[in-house]
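After this come two complexes, each holding chain A, first together with chain B and then together with chain C.
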Partner chain A sequence: MKQLPTFVFVVLLVLPWLLPAYAVQVAIQALVLAGFAMSFNFLFQNTGLLSFGHAAFFGAGAYTAALLMSKAGWGYLAALPVALAASALVALVIGFLSVRLTKIYFTMLTLAFAQMLWAVAHRWYNFTGGDNGITGVRPAGILGTAHGLYYLSLACLVAVSLVLSLVSRSPAGYTLRAVRDNPARVAAIGVSSFEYVLAAFVLSGMLSGLSGFLQLAWQRSAFPDLLFWTTSAQVIIASILGGSGRFYGPVVGAAVLVSAQAVVQSHTQYWPLALGLVLLALVLFFPAGVAGLFSRAERRREEESERAAA
Partner chain B sequence: MTGLASASSLFLLAAGLSLIFGALGIVNFAHGSFYMLGAYLLFWMTRGDAGSFWHYLLLAVAASVVIGAVVERIFLRPVLRRPEHFQILLTYALLLIIADVCRIAFGSDYKSISMPPGFSGPVFVLGTAFPAYYAGLVGLAASAAILLWLLLHRTRYGLLVRAVTQDREMLEALGVNVPALFTVVFAVGIGLAGFGGAVSLPLQSTSTDVAVDAVISAFIVVVVGGLGSIWGALLGAFLIGEVQAFGALVLPEFSIVFVYLLMALVLLFRPWGLLGRAPAVRT
Partner chain C sequence: MNVPLLEVERVSKSFDGFRALTEVSLSVAEGAFHALVGPNGAGKSTLFNLICGRYAPDAGRVAFRGRDLTRLPTHRIIHQGIGISFQRAIPFPSMTVLENTVLAVLALDGKTRRPWRRLHEHRDAVRRAEEILAWVGIERRRHQPAFELPQGELKRVDIAIALAGKPRLLLLDEPLAALSRIERAHLVGFLPGLLRQLGVTLLFTEHDTEAVMRLADSITVLHRGQVLAEGAPDYIRSHSAVAEAFLGREP
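Then we have the complex of A and B:
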């Protein structure tokens, strides 16, 4: 089972050559959401803070690149560093004010800040285009093609998971989880938890901005919806659907969510109803998420093989 | 006055949310959906004819209460003791389901209804004419606030509801049927949301998009006023109305930004809200 991520990666490398054009679009969407969900879940899992404002960083990444491309004529990739810096900056400001709070107060404050950005983007017609959005943004060259964008998204997902797994396993990662589990004790040891949590918040926000940057190329436009609270809800759902307790859980959740949406929407317009029913069932009957189902089956297999060996 | 009228409907919505959070500790993301459902129920019962508005208003509120009780029993009870994110996921699932059920049942066009009879004429406030319904609405919300306060602070049942916000285990140890209490509180909260939605129908048309906006407005009101406080919800609804009106004078395009700014400021300096009580134990 240790080789599973490598195996999945190899499958993902050849996937676009096996899929029809429409399915490649769906796959890109899944990769983008997977990266976003991993970034969100990194914060949620390591600090216990449930952010309801990650749409702010996602949207900041998308809007920064969209503005640079449409107003200043920048190239798509040239806008990447600025988009990342902008998301990180937004995360720094929001995080600086929010991470002092915990639990539901933290959740509501991140929600308030993200909604503030949404309101600005929604109304500032001269700059962001208001609810007309920014349209006609298309990367030049190979990145404008489906396959080009697919491999860029895949590379970004791999980069995000490498960075996050490195940080999670570093001393800083252990400090974060210590703060989550026993803040008083960490303070007593003499570690200032604020800087660690803030750094995790900024990293999570910056990588969410990377996903927003990719989302922009996928939909070739930026709309205030990217910043609306339902976007934050979407990423929470993907994480918990896949199982937020496991490192690759959010990836599984994003893949399941996006492909289920594509399948259901080709048959009926009532995708929200279907998603709602699935979520109900998930919460009431399978609290460990889809990835939890796998690990349960895995554990049962292991137990059986142990019994067979004995 | 127009602001006050919509603040009244907002208060009813937010008071329900606040009550539910205070007692059950659940952040109900589907709260706006029950507000919307109340409006749709009224529209469906009256068939768009305002003739017997008041009878059907009572009926719509009663229906909301019943729906609230059923939802609590079937869906909420299993997750009450689970981590917060399960509760958020569950109520978000309800939001999605209710939105699509309404879309199937009522279509996605805007539904509205005219002012009810007896309240369609104008009243004059400071020399300006307003529909009498606005004044009626403010009166309704004010009486609802007083009634709620009396229920919570002057009856034994209200005492139990307040007690459960403090210490659930102790109340259970004293032999109070807490799950039944939760069902009643949730049903009343949903009834208030339905009430707020139904009375807003002559003010603004409803559509399936109303739910996501309404729930956010209710959050802001409750956060500003203080989670679990009735007067806080009243103050919050009033402040939001005023800030929006004030913002519309200064920077009309961004009046909504001021509202979120107010919410953020309150959260930063008084996370428990203007009239809420600071948690005794900071965890």
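Then we have the complex of A and C:
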């Protein structure tokens, strides 16, 4: 099982050469959502804080790059550092005001901030184009092709998972889980939890901005719905679907969600209904998510082999 | 002249009009094992939390080694040389016993900020944590997740975490509460020797009269938010009003 991520990575490397053009587009969507959901789940899993406003950082990344490209004539990759900085800054401001709150208050406040940003993007016609969005932004050269964007998205997903796994296993990552487990005890080992949780929030927001930046190249446009609460809901659903207690759970969830949507939508327009039924079944029967199913099967195999050995 | 290690000067604290503490003073000498006793509602926990920096007093002052601690938050107080173990000892249940302790060792040096090297690769901290776990006799449990441990062992992990900060003063809030008789005997058995060896002063609150008499070399009795008596165990035992308050009855 330990080699599984490596195996999946190798499959993903050759995948675009095996798939039809339409499926490559779906695969890019899955990679982008996977990175976004991982960034969201990093915060949720380690700190226990459920953000319902991650669309703010996703949208900030996309809009920053879109504005730089359309208004200032910047190249796509040149806009990347600024897009990441903008997402991090938005996360710093929202995080500073909200990470001290707990549970439902944190969730509602992050939702409120993201909806405020959505309202601004939706109304400010002179700058963001309002609900007409910003269209015709296309990366030049190879990144403008499906294969180019696929490999860029794959590289970003690998980078995001490396960064997040590094941080999770570091003393700082342990400190975050300590804050989640027992905030009073954290103060009593001489650590102020606020700065750690805020730093995790900013990291999560910045990496979500990276996904927004990729999304921009995929849809070649930026619309206010990137900032809408349904975008925030998508990463929550992907994480729960895949299993938010596992590091790669959100990746599994994103892949399942995006492929299911593509299949269902090619047959019927009732995707939200199908999604609702899937979620209902999931929460009722498989609370640990799809990734939880794998580890359950694995545990059963281990138990059987132990029994066979005994 | 010996300056006391910890000095609490005339602190008062009210909650919504209820006077939990009225001008309480207390001083703990270096090397002492000082107990804080009294019936429920006497203000033991309030005083404990006040010294820990969880509450700020309405009036009065707390000083440690001559330094004013009164308005410092808990996480700063730890770095002054005070270790704390709260009443409900649930360290960090999702981590192993060793990870719990390593984290506390790293926190002392401000190394918890590091987001890159793995926790387990901080060799010096791991070695030190293993040493501390051996002191409290729990090193064989080091790879077990904390949530699997029984109360008595959890308490020992919590004390190990408190000792990881190399404190001069250890604060324990009802260390024996929720422990079985055997676990109590064990803790009362090893703690004094360990603290003497490390040169750590102890201030603790406790309900168990017998254990207090065995552990403490000086006792402060609180009653209705005020100091009723202070002295050596023998003196306190002979003080009849104290004996009654101590047992929780009205004098």
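In the analysis below, the second predicted complex is superposed on the first by the 310 of 310 C-alpha atoms of A that agree within 3 Å, B and C clash if a C-alpha of one lies under 4 Å from a C-alpha of the other, contacts with A are read in each partner's own complex, and residues count from 1 in each chain.
Going forward, contacts are C-beta pairs under 8 Å (C-beta built on N, C-alpha and C of every residue); 3 or more make two chains touch, one makes a residue touch a chain.
If you're wondering where the values come from, they're calculated on a predicted model, not measured in any experiment.
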item: Combined model on chain A: chain C and chain B, fit or clash; value: fit
item: A:V191 touches, of chain B and chain C: first, second, both or neither?; value: second
item: Touching partner for A:G144 - first (chain B), second (chain C), both, neither; value: neither
item: Contacts of A:T102 with chain B and chain C, given as first, second, both or neither; value: first
item: First (chain B), second (chain C), both or neither touched by A:V120; value: first
item: Contact breadth on chain A, by residue count: chain C or chain B; value: B
item: Partner chain in contact with A:G75 - chain B first, chain C second, else both or neither; value: neither
item: Following superposition on chain A: angle at chain A, chain B versus chain C, Cα, nearest 10°; value: 80
item: Smallest distance from any CA atom of chain C to any CA atom of chain B, in Å, after fitting; value: 12
item: Intersection of the chain A residues that touch chain B with those that touch chain C; value: none
item: Partner chain A, residues of chain B touching it in the complex; value: 27, 29, 75, 78-79, 82, 84-86, 88-90, 92-97, 99-101, 103-104, 212, 216, 219-220, 223, 227, 253-254, 256-257, 259-261, 263-264, 267-268, 271-272, 283
item: Residues of chain C that touch chain A when the two form their complex; value: 52, 54, 73-76, 78-79, 84-86, 90-95, 99, 103-104, 106-108, 111-120, 122, 158, 161-162, 164-165
item: Of all residues in chain A, those that touch chain B in their complex; value: 44, 50, 97, 101-105, 107-109, 111-113, 115-116, 119-120, 122-125, 228-230, 233, 236-237, 240, 244, 270, 272-273, 275-277, 279-280, 282-284, 287
item: List of chain A residues in touch with chain C within their complex; value: 166-167, 169-175, 177-178, 180-182, 184-192, 196, 199
